[in-house]
């Protein structure tokens, strides 16, 4: 199932950097949903490189085409084929690297796994692969929003050692997130982050960061014990993104330092039933959503491709100095925002359908 | 697939706290492996409660029985049925809680999901469910050890705010881990951790902690792009364990604060091919193992069941003070050690078989 | 997924002839269903050998035990563990065969596949494996009956060259089917079939036959295009039974000889919507149920184990004369009845849950 | 998994008759296989309509494009995206039918299932959906041929009541099959079949038929007990094709009429190990290939769309006379040949990879 994700809302992606195109197939999207390319494009556009000085300067339009599964703007319930053509192919840039596996890149491991690799190195480990996910997840977002009013928003909460204020209890809107190029809604921290990234780029270096995501109006009851607990499923989804190094739900690692009397979320009566006074659980108990906002964080490492000289070896083990010539992002967290949001949507859409199969009456009626 | 995990090495578990028994089925274990209950029991015994003053005093023997799949101590390649009977059933303890969903426990979410729940609350969210995994994973460990010499060891690296020294570059043996009840191989920190847990228990409280796990001698080439990258698959496995709040591979969240020039792992020539000088990647690049040790950390929250009074509500939303009467662990991280190890083994066994399908010659011959 | 079947109603089976026991795990059975062993046992008892002169004389009680997943007679929505112990183990009977692969049995192919095999030969190819399916399917039958009033009945429609009258348009009840040992509700043909089987047994020979099955009150809309069309899924289910050689839906092979003007089922208005005047389609169009009865047939070969002398070879290719000494059925079709019924139930239960996920309103309310 | 098939060699298809295009994604194709469009096109061309007087006159070029997964004519081991554009879209033809569900077509069941349907009726039930399968299966064929020398050939063995001579023991070549438009290699019967189809077409009627397929050089050991026995998997594959009504392996329904002493296939020494003197088993015992040719038959009903007047009803149940105006095939069995062959190849490729995972040494070395 390596390139397929989900049980009932099922996404299959394909494509490398320098082939004809990248895309995916969504199987299991409910019929009768209004859907055109215009519903999908915004998140793809947010993901697109070349938007600013802190991103890679490649010009790719990334226009999505719906190949199948809709008629007159309505989903048929059949597989939705999605395609984005690759336009800006410049394999030459990578040529000189061919004998040198880039440190912390997938060149070496793809060669070991497949015995062959794309000219661009670890082709499917490329950020370009995420286009299929974003397109598929944008459809899931629409389904969730129209069915339950689910709101998913992610933002950059750290770049390097710069930590934004914790906004998870009162999340910003997407518009607020997009007000800065770095997509950090902390107005004090955003310019500092952008400066730090610019400085790193000028030194031929790169920076990591953290993305925080909150999903609101998620019905209670989602998540499949045992192996597809909601947090386990989200963790898989997020850790399958390129360059991720960590995942936290609710209190995360800081929760490990607490005592139970502090960490437990006591119940309180809320408008639509029981809620909790605090949310260290991150909206999930026993692997199942409890109706509170789902809050998680994802750590992204600094991109591996840097122009600073690195002392490494060739595939044959000969010492060599490597300085990457190609275009590359000094930081990816801002572009990761729509990817994190849409992957979360795929997880929630799949679990929604599965709970509906089990007990349709347990979910709010549309 | 909620209670099934894996594609080729496939584990299905069953069982709640107060039914006849818990167990599982392993489908896909290669034939010809020497296997008896004696190979499985040690990890189950390490997982067993009632081992010390800092664990729950329940007496359960947890003796595993192989129901099928072997003959004369050899696996047949057919499904291996595994059963551990429940012996110490005392449902009465939980009776008084029946109208009160325990804070941060799964009582409420199971009720919302299923419309019914076991007398023990969120039955499948119980730690007892992990017995099936441990038994199944102990078999995976044996397969990996005999095939490639894979060594998996986990230990407690933090309890509350007490952090052990970082031993991931030179991991302890299982014997060393087991020398203290808390299973922390840092001789200075272990007694402090045990004291802290005892203190918490005396106050009717509980503590969280962190488990670090290292897997050595893992062949390069394991991990299935895109959605079953090795770190994604491990993250799912670990975050599917009860009480987990976070997962890190390699540098984890601290990697997000680094620059690429520091975080990249340059290649160096090693005995059996290329290796890396540092291991911020945690043994994985582009979702595929690179032959270096796989290093990950898992955060566990403090157990939700505490005897300290909690101000919460009944299912109906009426305010109530709750003080748990039943037996419970003040800290679970030491018992989590064999669970983390065996789950890692299941992931690696499954990915090994999948890589063998793709390119048998890419793996070391046995 | 070799020993797992189904996506949402998911059955995993385990067990060989001479191990501790056989059974299975049902994952995904909806919560809140009344269920005890008494609901499962009848179909197991119908499947049991040793019921008559035309069946194998082995005495096995085949009492099922529910290991998990229910409390106080109600399903919890968690995995239902099922176990039937093996009581009558006589491996000695098979000893002499160990160097001779029995013709048309699985001894040879299991050896080639696994490099090892159970003392009973192709262990998982044994009819005893079906116990787990029957137990799992009996639960599916109960779910379907209580939810939609689905009625599934199968009977023996041919033994050797003896063809019963076609009763598919007005199927018998299970009671009527069970009135004869051969389970053929054609009163004229049943005794002839029994005589023929007795004659074959006396000659140390065996006989094949055909089972017809009809499922009524199946809601329209079940079946998942493309690869899990209802007839494809049923075909897989039935052809996965030991000794099956053919599957037909509706008109089957005879439909291939018709013209479209004869074979097409024109629509007519019926009580609850549209129906069809004829049913050559067997209740399925385009892979999806149309509300008419689902009608299919399954061909079973004569059992491979016969006591008549066979000229064959040893594993080493040395010519040898083989005469089986063990106990064996001269004909299996009557015992196959509950197996066919319960496998059909598993297919329909799984597809019901999947359609409920897609469009809950498309199914009749319970 | 409705539009996904296979575990390790995994095919996902998409597309309806009148959308942008149809195609599929192959995930799991081994790396290092030489592959260009030229390897795939021949089977697509054989499948193409408009080839003769007995087929539909639609002109579609059906040129396949590889979207991803190869570089410089070599597979990368990553998903292979496949696309065939729809060129000849004439939705108007179907317009008048919109209120009348065509008898034995999927219009009614798609409407019941999805609550919406494509203008072409049951879009995914269309023969055009099979394009994705054929393209995916042509790649599987190449893999199997190059790895083991597997030869798969199918032909028309019956049209209506016209039965060709049984050629399964000495199958024709594809060239021989293609010598007649009807693809029946029985030179006496082929012209009669073509005449019969022409006669049916002139009467506005349609005809069914039977396809026989033989797969040679299939290694022993393929097939996954229990639920993915080789014959069960093939049955699912074939019964998932549009218009199929029956499946037989080896002796099929005629085997049900035999006695065991006749039906059993005794072992004999052959060049490369054990073989069988007869092949009533159809190359499979206990669900696992035995090295003998795999022989199966598939029954296809007469196409549902006929121009002869049919007395049926509208969706509302009003009686109406229907005469189809659109273009349609009077018989599909000749076009089904490459579809049957390629689906068989997908099944065998998937099972090959799974057996290689279990015991690489059990398969012939390449």
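Just so it is clear, A, B, C and D label the chains in written order, and each chain counts residues from 1 on its own.
As a convention for this text, contacts are C-beta pairs under 8 Å (C-beta built on N, C-alpha and C of every residue); 3 or more make two chains touch, one makes a residue touch a chain.
Computed from a prediction, not measured in an experiment: that's the story for all the values here.
With C-D and B-C as the two chain pairs, more C-beta contacts join C-D. Each chain's centre was taken as the mean of its CA atoms, and the one lying most distant from chain A is C.
Distance from the chain B centre to the chain C centre is 39 Å, each centre being the mean of its Cα atoms. Each chain gets a centre from the mean of its Cα atoms; for chain B and chain D, those two points are 45 Å apart. Separating the CA-averaged centres of chain C and chain D is a span of 26 Å. Contacts with at least two other chains are made by residues 1-4, 7, 13, 28, 31, 77-78, 113-115, 124, 225, 358-359 of chain B. Of all residues in chain C, only 1-4, 10, 12-16, 18-23, 25, 27-28, 31-32, 65-71, 74-81, 83, 113-119, 123-124 touch chain B in the complex they form. Across the complex, chain B meets chain A through its residues 1-5, 7, 13, 101, 103-106, 108-110, 112-115, 122, 124-125, 129, 158, 160-161, 200, 204-210, 220-229, 231-240, 242, 244-253, 255-261, 263-269, 273-274, 276, 280-282, 284-291, 299-306, 308, 310-313, 315, 317, 355, 358-359, 362. Residue ranges on chain B touching chain D, taken from their complex, read 7-8, 28, 30-31, 77-78, 225, 353-354, 356-360.
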